[in-house]
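What follows is a set of structures to go through.
Note that chain A is present in both complexes that follow, paired respectively with chain B and with chain C.
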Partner chain A sequence: MFFKDAEELKKVLGGFFEKAAADKEFAKKFAKSKILIRFNYSEPEFSITLDMTDGENIVITYNDKEKKPEVDMDMKADTAHKFWLGKLNLTMAITRKLMVVRGPVPRVLAFIPVLKPTYQMYKDYLKEIGREDLIEAE
Partner chain B sequence: MFGYKGKILYVDLSSKKVDFREIPESFYREYLGGSGVAAKIFLDHYREGLEAFSEDNPIIIMTGPMAGTPTPSVSRFTISSLSPLTGIWGESNCGGFFAAKLKFAGLDGIVITGKSERPVYLFVSSNSAEIRDASKLWGLDTYESENILRAENGKDSEVITIGPAGENLVPFASVVNRKGHLAGRTGMGAVFGNKLLKAVVAKGSESVEILRKDEYSSYLKEILKNYKENPTMAALKDAGSNSSYDLSLQTGDLPMRNWSIGDWPEGELLGAAYYKEKILAGVETCYACPVACKRVVEVKDGPYKTEKGPGPEFETVAEFGAMLQIPDLEFIAHVNSIANKMGFDTITAGSTIAFLMDMYENGVINKDFLLGVDLRFGNKEAVLEVVKNVAYKKGIGELVSLGSKGIAEKVGEKANDFVTTIKGLEAPMHDPRGNFALALGYGLAVRGACHVSSLVFPVSSGFMYFPEIPELTDFGDPLSEDLKPQLVVKAENFGMFFNHSAIWCIFGGATLNATQAVKLFNLVTGFDYSLEDVMKRGERIWYIKRGIGNLFGVEAKDDRLPKKLKTPLPDGPTQGFAPDDEKLLKEYYELRQIDPQTGKPTKEVLKSLGLWELMKLLYK
Partner chain C sequence: MKLPEFAMFHLPTRIIFGDGIAKDFSVELGELKAHKPFIVTDKTIMALGLVDYIVKGLAANGIEVKGVFDEVPQDSSVKVVSRIAELFNDVGADSFVAIGGGSVIDSAKGANIIAKYGGDLVKDYSGANVLPEPLFPLIVVPTTSGTGSEVTNAAVIYDEETKTKLEFIDRFITPNLAVLDPNMTKSMPPKITAFTGLDALTHAIEAFIGVDATPFSDMYAKEAISIITFHLINACTNGNNLEERGWMAIGATLAGVAFSHSECGIVHGIAHSLGAVHRVPHGIANAIILPYGMEYNLPSRIEKFAELAKVLNVYNKKLSDEDNGKLAIENIRNFEEEVSKVSDLPLKLRDVGVLKENFELIAEKTLQDGTSIYNPREETIEGVIKILNKAY
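Entry: the complex of A and B
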């Protein structure tokens, strides 16, 4: 496991989403989808909700039981980490149920064209927070 | 007999004789259906010196046992023959509605030999067949031909027809059903054209018998539930085969600029969202398929105005977009419409144009060679001039109609740095530099470079999953040679059953695992085969096809990737990577017991599989 507990996961993945959300230009591209999506992680248990329903901003909440997501994505935290590093075959992960999409799949696929810069952003963020160890982790 | 109709129609266009032959169940138990059956029939027709345009080169149209049943994504047919493009075994399979109708006409398949003296079409219905005059159809495009034949024979008839490309013997001419379902590759349309056979029309209403009807019906409900829940099916339903474009672009799967670059920012303009926004006008499906991945498009005005009709698939978008560096979906829709009407393969056409562009921009050929056309990457008008003329072999169209292999022979040795064929067939739009399994998948594909000649591509790229077959489950890092030969052998053996003999669509079939596929096959046919039984028969079929290749000159040297496909890219997601095909082949040949010099299966392996007849031909 790359993340020993939910706190570490929040710091790394949550922190990354917050950094991305703070970049208004980037957030606008992502939020164009107007989607409310929740990532449900296991090992460790944790969830991150991205609310982009205003079409402009990414509003992030953690372990949020109030908001009703249009799409839920369930995966291990390690799977998510590999995905943002660009080391995961997304098609294979979905086919083999390493990532389970609950809700309309095409809404998730619509993100693919804007994902390209995020892999480098994630690596840069890991360096920024002193977690280079996670970049090469297998 | 269940599933099968137990009958194949033999037609000799020279003598105008038709003969309905009863086929015993024991034959189908060994060769299963589709191109498995076709390979055996072809081998029976083999003679030394046979050429694609010989009168006795058979056209073998075959369905699978489940065509015409409600089983999703499997009512398909294959057309097999000696290919005029490659000179070796050619085959192409196709969805649409023709396969089901052929079964309803009481036939599993049709074998056509001989050559007519004048243009004809073949009409088949329950236990009858007629060779009819097609003089008035000759010269018409596939849309016109389809319209007239359905008007004449009733809307409940199904038509496969060639267009001007087939008539004019363009070696990559295709055969078309309902304007947008193509048996596209290896030039089967030209074999039709050479025999002066414009079309085949099927009509009938005989049902296809299913052995265990009740169990089948309840199992089918379960399977259809899978279709509703499967994310790949959702993606295909939403955006067709081009739903994979954006990922393909991002992961280094998509070849660009004749396989020369790894990054192309304008490429984003060809993705799924743009397809919907710019050209989408509706959706279509194939017989009994709940996925409905076929797109209908329209360009209402502008220079590339295109009437509402079948839209470009991923391969066409990739070829005329990324390969030719044209980020314009309206243009691609227009080109696709011309190719469908003329009846030719957009993969070979696009790759051949890209090959010429690359040689032109690198000074290997000049404008005179291109008959004055400035065929540079991105030049839409030049591409359009080719596309409009290729079927008629006029001007630069005549040059392109040779295909890459034919042009490379004209250019000489310098072309080897730019050509992208294996065994004469242009590689499709998936790059082995990001998926080393594909190096073998392409190299060993029996019809030449192909991503659907086995299950190597669908499995290694991740959209198919067969957890019952260990080699197709754990095959390591995509950028390593390890475990890939084992993957390829099993993907070929299972593929010969799955998408070649049963003829499951690689899109719609992607929702099934191996157990489900074999169970559906058994419930329909009553064969009660295990997965192992099916794999064994798939293995035999693969060796027959490989052996046919050897009979027409395929050697081990022909299993290598062309230089372009194994030269590391200077940029992009797979920058610096390339498969070592020598390493892959060494292990593969050992597993397959193929002689690493001659490329022939050894006598021992042929004996062990009971392929005596093939052994005698290969080792006489």
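Entry: the complex of A and C
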């Protein structure tokens, strides 16, 4: 396991999403989808909700039970980490049930081209917070 | 050929083929422990006597059909699926037999989920790989040769509430048995034979040139392309010829296996959008867009298009791969024109009620379609509009 507890996961993945959301240009591109998506992680248990319904901003909440997501994605935290590093093919992950998508799958798939630049952003962020150890993780 | 980064092949469907085989598949039902089947179909199939053909055959072999639902509409819907599941449980059936085209088959797939697990189809099960365990046995007897749904792990069902088409992708909804009997498709008129056949051809070609194509999917795609291009015209002109019908049934199923492993691309994406904006039937939209979508993709899959030229028997070793790719596209265009001549199939968007003023909207929807990530060349608004203009 790359993340020992929910707090560490929040700091790394949550922190990364917050950095991405603060980049207005990027957020606008990302939020064009107007999707409300929740990532439900296991090992450790934690969830991150990205609310892009206004089409311009990414609003991030943690362990949010109030918002009703259009898409839920269930996966292990390690799977998520590998994905954001660009080491995991999304269609392969879905096919092999490493990720379970609840909701409109085409909406998730159509999202992918926007994600490519984020892989480098995630690596840069890990360096920034002194977690280079996670970059080479297999 | 580049080694794939990832490959998966999984075909849980047992396929049986034969002239008259739909009259008796009781042995296969027995092996599936399907003793009390429930039939899902539509009014047209009922009126053609195709359900009767199967029910009588099964009865003669000791299988009693527990019920029949024959009200599946053109586009399957959540309400219809819930109703089927309710009836299935009311009569105490233990398996589904879907007799029909894509809408009927997808309705049975959706109903199978609700009949087994209950709950809300939309909230609880739409998505990918949500189901925890296998469902009731599902047997499919296709009455068209096009959708390939008899061997795929996907279903598309219309949600009346949100007015959207929902996708269900799960290996547990893949049919257990596909019964391919050419007698079941011989009543299709030439135009339906043409556009369902070209739908299957599009599945095979897009699967072959798609980004997720593997040697496994290619094998099925190539065979499907050969069979369909060889037999579709004869199936249109001589519908009662069971040999032609039989080949088309096999070709469409092979194409279904191919695209369920490597997906479709820009042609399907545009066809979905034409369906949403102008209600153009899916097979017709695919047929119209196919050659133009191929032209768009040629620069990014030159090697694959040259291989396609070999499959189509137009390869010229004196020419470059790119020129062979162009020959392949030209061959498909000419083939479609021949099919159109014998079936009155429209091959221009202006002939199916599409308005140029909606091209921008159609292009936007195409880029949002899930197929866009499988297309070998990046899709752009300008690129899609260019295709639409050429196809107009």
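Operating definition for what follows: the second predicted complex is superposed on the first by the 138 of 138 C-alpha atoms of A that agree within 3 Å, B and C clash if a C-alpha of one lies under 4 Å from a C-alpha of the other, contacts with A are read in each partner's own complex, and residues count from 1 in each chain.
Operating definition for what follows: a residue touches a chain if its C-beta (ideal position, glycine included) is under 8 Å from a C-beta of that chain, and two chains touch if they have at least 3 such contacts.
Quick caveat: nothing in here was measured; it's all calculated off a predicted structure.
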Report task. Following the overlay on chain A, give me a clash-or-fit verdict for chain B and chain C. Result -> clash
Report task. Name the contact category of A:104: first (chain B only), second (chain C only), both, or neither. Result -> both
Report task. Based on the superposed arrangement, let me know which partner A:91 touches: chain B (first), chain C (second), both, or neither? Result -> both
Query raised in the report: Once the shared chain is lined up, is A:112 touching chain B (first), chain C (second), both, or neither of them?
Result: both
Report task. Using the superposition on A, tell me which residues of chain A are in contact with chain B and, in the other complex, with chain C. Result -> 89, 91-92, 94-96, 101, 104-106, 109-110, 112-113
Query raised in the report: For the complex, which residues does chain A have touching chain B?
Result: 86, 89-96, 101, 104-106, 109-110, 112-113, 115-116
Report task. Using the touch rule from the top, collect the residues of chain B that touch chain A in their complex. Result -> 231-232, 234-235, 238-239, 243-244, 246-247, 250-251, 268, 271-273, 461-465, 478, 510, 573
Query - Of all residues in chain A, those that touch chain C in their complex - result: 71-72, 89, 91-92, 94-97, 99-110, 112-113
Query - In the complex with chain A, residue positions of chain C that touch it - result: 5-6, 8, 126-130, 164, 166-167, 169, 212, 263, 367-374, 378
